[in-house]
Amino acid sequence: MITILTNKILNKSSTPSKRADGRASDDLRPFKIEAGVLERADGSAYLELGGNKVMVAVYGPRELHIRRLMQPDRAVLRCRYNMAPFSVDDRKRPGPDRRSIEISKITSEAIMPAVFLERFPRSTIDVFIEVLEAEGGTRCAGITAASVALADAGVPMRDLVVACAAGKSDGEVVLDLSEAEDKDGEADVPVAIMPRTGEITLLQSDGHLTSEEFEKALNMAIDGCMKLSKAQKEAIIKRYGD
Amino acid sequence: MITILTNKILNKSSTPSKRADGRASDDLRPFKIEAGVLERADGSAYLELGGNKVMVAVYGPRELHIRRLMQPDRAVLRCRYNMAPFSVDDRKRPGPDRRSIEISKITSEAIMPAVFLERFPRSTIDVFIEVLEAEGGTRCAGITAASVALADAGVPMRDLVVACAAGKSDGEVVLDLSEAEDKDGEADVPVAIMPRTGEITLLQSDGHLTSEEFEKALNMAIDGCMKLSKAQKEAIIKRYGD
Amino acid sequence: MITILTNKILNKSSTPSKRADGRASDDLRPFKIEAGVLERADGSAYLELGGNKVMVAVYGPRELHIRRLMQPDRAVLRCRYNMAPFSVDDRKRPGPDRRSIEISKITSEAIMPAVFLERFPRSTIDVFIEVLEAEGGTRCAGITAASVALADAGVPMRDLVVACAAGKSDGEVVLDLSEAEDKDGEADVPVAIMPRTGEITLLQSDGHLTSEEFEKALNMAIDGCMKLSKAQKEAIIKRYGD
Amino acid sequence: MVIIIPEIIKESLNNLVKNGDRADDRSFDQYRDIVLETGVIDKAEGSARVKIGKTQIMVGTKSQLGEPFSDTPNVGVLMTNSELIPMAAPDFEPGPPDERSVELSRVTDRCMREAKVIDLEKLCIIEGKKVWMIFVDLHIIDYDGNLMDAAVLGSMAALMNTKIPEAKVVDDEVVIDEEKKIPLPIKEKALMCTFAKIGGELIVDPSLEEEQVMSSRISIGMRTDGSICSMQKGGMQPLTKDEIIKAVARSKVLTKKLMEHLPQNKQ
Amino acid sequence: MVIIIPEIIKESLNNLVKNGDRADDRSFDQYRDIVLETGVIDKAEGSARVKIGKTQIMVGTKSQLGEPFSDTPNVGVLMTNSELIPMAAPDFEPGPPDERSVELSRVTDRCMREAKVIDLEKLCIIEGKKVWMIFVDLHIIDYDGNLMDAAVLGSMAALMNTKIPEAKVVDDEVVIDEEKKIPLPIKEKALMCTFAKIGGELIVDPSLEEEQVMSSRISIGMRTDGSICSMQKGGMQPLTKDEIIKAVARSKVLTKKLMEHLPQNKQ
Amino acid sequence: MVIIIPEIIKESLNNLVKNGDRADDRSFDQYRDIVLETGVIDKAEGSARVKIGKTQIMVGTKSQLGEPFSDTPNVGVLMTNSELIPMAAPDFEPGPPDERSVELSRVTDRCMREAKVIDLEKLCIIEGKKVWMIFVDLHIIDYDGNLMDAAVLGSMAALMNTKIPEAKVVDDEVVIDEEKKIPLPIKEKALMCTFAKIGGELIVDPSLEEEQVMSSRISIGMRTDGSICSMQKGGMQPLTKDEIIKAVARSKVLTKKLMEHLPQNKQ
């Protein structure tokens, strides 16, 4: 069973800090991941990262009822990223907006390379990502949690995709921008990887960076992914044993 | 042929009145019911109750085109409650709103127990309730008229469902609240019954009542139903003879 | 290839002018028509008439996916008239409005009589009319361009439907009202014909006219159609040779 | 839904007309029975129930304060809306207005507006800021053909029946007196005549059956003086110029007769 | 999607109840385990997570300044919205609220509103102009039956947990003090008890399996004093008057027990 | 609609690239022919028609007075909207923007916004109350691949071509002088380069055929100085870090060349 009240276990800093919340430039916010948190879904996961609270349910592989979406040689992977109305400062009107439509699309593309879709022709695998509380970095949190939920559902995968952002705040390239840092920040670079090969399945860059800064941010985000990857695996082990 | 201009035949009062419109506590507003008022529909009915004017058309049993709604062992009964834009004080924007969606649902549930749906597998029976003028109590008016329209369409039924509301106004439990009484009233209890058995097929309670008041309102509403039931039957006899 | 910058070739006037733009009462605005202007469409055309710029694409005859629209004995002709957001003075919100729904309907009806629909049962022919810039008379411009695009797509036709409006402005019946004339004008009469037989496939009248004025406007519009008809044929010859 | 009319019915209706006859024995210039009542909905500010044969429409009007359009700051607004509700015919479906319903309301609207039936300038309260908006809502409850003529007849009657509260401007604020109701400033009357082309002939007031086999349709809106305020061709086949000119002439006679159904003329 | 319940399951669940038993061994008046936490979403102004058995709902509240309704110019507004998001069950689909979801939010809303749980007059800031609007959003994340009781319990808890900024009127302008948060003016408590009719008996808190075979349903909203604030019958079969009267009596006892789960009572 | 690409085409395009070639004989860093015209729509305040190969987009801009966002009270608003209208390709369908169209407008919007192409502060008229909103509308009329680069190029050109009326504040009221048109305050230029991965290589400016067989895609938005303002990966397969770093280096060269198509540079 999950407890939503955050227990603030801070990750250790490797460099002296000048960030508002005391983190070093390459520190993640405190996080925790849990698998198997819902009753009805075939698989589920819950993730907290700083103030973010994200729940994911997976249904499938199951029959696809909409014929025009059906693929004769593989399953369709449909991700739906959705924010609860109470998850942000000003109440969000229910239903998809342009932002959530774009995030749903790139989330699907980020996860797809890892899933053996070809084993389930004419089927669908549905991933429902619900942001219960948002504090910067929800798209990455959603992808990281979705992989755990897919594993919990027993969907066969090449790897557990994991995502993390780096960015530029106060003139410095730093890992995992908080909402406050993102608001006044110069750039945000969300990245998803398949940790076994290091291949990149999601990459966006939003803001102004030199190519050197971009490369630094990319490397930092990949390092952040590796830390979260460990927590993903622990969550699955905790649920199923080794 | 119907004449929409109301002919105010007041029902006889059995108790001295203190209501604004001179009715006794257990008086219905003047009403009239007519069957077979439309040309195209398979069955139709028109009902006036106080200032309410409600028209109902029934189509079916007929083929159901939407496969996912189809029931292999019975007909689907679909009621659509709709208000004309000019039926209320402030023009109502056309199209369903949350209120009409709820009323459509409970109206279907109120009528369903009386219809031999199992005789028409894979079919639909469509009941279209149009409120041409609203003055408090339209959901009950719609149900009462719908039964007559179903009978007019020759749909086989166990009984003619009939509906009536009681409520609390000015501290007193009274029958069939008018719009004015409902507005300042303390509670409204719409009830539908199958008069042969007295079984209840619709029940809502909206407002504040002790359990004694509720029981009184429930009994009063059932008595009101019985009066309207007589008028339903007369309307059908008038159209088809005994 | 098309050049969108207008080259103002004025048509010769047959009567002395009192119109704001110097035209005689029976003058068209300068126009040009080009066939085969798009790469992906099966057929296409571009038309300028005064400040109007209209692009048309034709797809089909092709398979119709929406079963309930399918006709067992002929093709369906679907026209979609749409205005680009930047085509009018105040930005137009994207998507169909009531005006474009009506114009789409009457445009389909205007073109349909000329097409051998019966040769393509269970198919659809889709005509997409995009108004890139609007300056009065876009529905006629769309119909005239659509015929050329249909010919470009090789759709077999009895005739090339052509359309033109006449109207009343400043007390006088004149041909092809400009936007300014239409705004302060007394009436507008858009007409489409099949030039071989002179039969009328579109007719509207909007404004106040005596029956004599109406007849004059109708005749004038038909004469305008004949001029545009020549340009339609030239556009096709230019593309395909004689 | 696609409604397929058997060829045999098409042929028989065409032949009837070719022989100068119609299925219900009407002449080519004869309307079905018309019943028109006004003031039938107390909560509407104006209302009418119109029946042409078995076609039946309820019309209600409502006034509302609103802003004028920026290009016409000193005139009120007339808005016409129609719903082909599923009550009226087995093939009408719930949902937003389809193209038939949009055409019906727009043609009705243009007919009223272009005939200048209401003196819209008198509905301006504060120029550029506050005007009366008059909503005409057409609720089609029984559909047996020729909605256009019924819609225009019902709208005209409902507008003539409409009373709106008096609005005054006191210290730049609009004061509405709900107690004092005044009629709309009606300054013209206009109605519409629709002809269907069957068997090579134009016949007025087509029934649903006739509409289903007609090759085309022409609707002509006219004012009392016989001038034209609107026109709309419909249908999948063409008309000749001659046919249109003749229809205009016939509608002059027919409109005059139709006008007799409007309230004033009855008294 | 139509879910077909095999006849054999229907029969077995009916027989169980006829023998005084239920599939999960509960008594007829026994709720499943209830877990209620509040203050679980920092960005919400009030929040609750409620679990009844395997059913789970997240509830969050938000306040917003708005205009009052014209017929109640001096009271604030309570708005309840629910989403049966596709996360919660394999047959829930994305899209606008369907009739189940609309009924759920409207019943929850009426229960809170008619019980006068909040003193809405205290949410008026400037009469006729500015009032607080309180949004209650129900996010259903796990669906195993009896959403109504869970929705009302969660909403009641979230409202009791809600703190909104202080609003003052200075020179006719509203000044919001985000630093000073005050609790909502809660003046009553109300909860809801739902009974399903199976095998001729009414059993409280139906699980999803029980809902799928029930013939009908009755939900009763009650205040602390045992008075009724709302009621809603559901399902395709009737109930007798007797059954309803008895359900009201039983819900008096059950509501009292349910109230113990609300925050105050825990302390 | 699902478009199935025959395996044989996939293989042949992959093999071509593996041998250093492309179907249309371009080099890996070669764009198709680019045609860019501005000022093509008189009613737009700025406009451009851009063709990259057979892909064609019409771009128009409009200004409108509006309120600023509450968290940025002193800057104007840039809004980008795109429509994949059914004219442009046989599989585009009418209706609200789908996910491809939403991604296209959002990526274009971010590229312009994050590069600070317009000095949005100069579009503020009254802080917190009135700012200019600039709408950029992308009308895709012919689709043969690489919409992103065409959309950004067309938007940049249209913005540089845009003239809006002068707005002054007189006595706290905004006065718009439609006669006096001033250019937008352009302070930077940014364009986008898109690479598709085929046969293990990244090739710039993919045609539709190449897009249909590519394993993934990377779009890089850059300012004149070679700094990055936006990036978007797409497609169903991953990219390596190395590939991305190299694509950034290549896009520096390519962006510089692309810039030559913009109006100023032509003169």
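Labels A, B, C, D, E and F are assigned to the chains in the order they are written; within every chain, residues are numbered from 1.
The rule we apply is simple: a residue touches a chain if its C-beta (ideal position, glycine included) is under 8 Å from a C-beta of that chain, and two chains touch if they have at least 3 such contacts.
The model shown is predicted, which means the values in this text are computed figures rather than measured ones.
Participant: Would you pick out the chains that touch chain C and also touch chain D?
Facilitator: Joint contacts: the list comes back empty.
Participant: Through how few touching steps can chain A be joined to chain D?
Facilitator: Graph distance in the chain contact network comes out at 3.
Participant: Walk from chain A over to chain B along touching chains and report the minimum step count.
Facilitator: Tracing touching chains, the least step count from chain A to chain B comes to 2.
Participant: From the centre of chain F, which other chain's Cα mean sits the farthest off?
Facilitator: B
Participant: Once you find the CA centre of chain D and the CA centre of chain E, what distance in Å lies between them?
Facilitator: Distance between chain centres, rounded to whole Å: 48 Å.
Participant: If you average the Cα atoms of chain A and of chain F to get two centres, how far apart are those centres in Å?
Facilitator: 27
Participant: Taking each chain's centre as the mean position of its Cα atoms, how many Å separate chain A from chain E?
Facilitator: So the centroids are 32 Å from each other.
Participant: Can you check how far apart chain B and chain F are, centre to centre, with Cα atoms defining each centre and the answer in Å?
Facilitator: Chain centroid spacing, chain B to chain F, equals 58 Å.
Participant: Multi-chain contacts only, two chains or more: what residues does chain C have there?
Facilitator: Residues 65, 68 of chain C each touch two or more of the other chains.
Participant: Name the residues of chain F that each touch 2 or more other chains.
Facilitator: Correct list: 1.
Participant: So if I start at chain A and go to chain F next, what's the full loop of chains?
Facilitator: The ring, traversed starting at chain A in the chain F direction, is A, F, C, D, B, E.
Participant: Name, in rising order, each residue of chain B that touches chain E in their complex.
Facilitator: Result: residues 68-72, 98-99, 101-102, 104-106, 109, 112-113, 183, 187, 189, 193-194, 197-211, 214-215, 218-219, 222 of chain B touch chain E.
Participant: If we count contacts the way the header does, which residues on chain A are in touch with chain E in the complex?
Facilitator: 3-5, 38-41, 51, 53, 55-57, 59, 62, 80, 82, 84-91, 94-96, 126, 128, 130, 132-135
Participant: With touch defined as at the start, can you tell me which chain E residues reach chain A in the complex?
Facilitator: Counting only chain E, the residues touching chain A are 37, 39-44, 47, 49, 54, 56, 58, 60-62, 64, 81, 83, 85-90, 94, 96, 135, 137, 139, 141-144.
Participant: Could you pull out which chain D residues touch chain C in their complex?
Facilitator: 1-2, 4, 71, 97, 99-100, 102-103, 105-106, 110, 114-116, 218, 223, 226-241, 244-245, 248-249, 252
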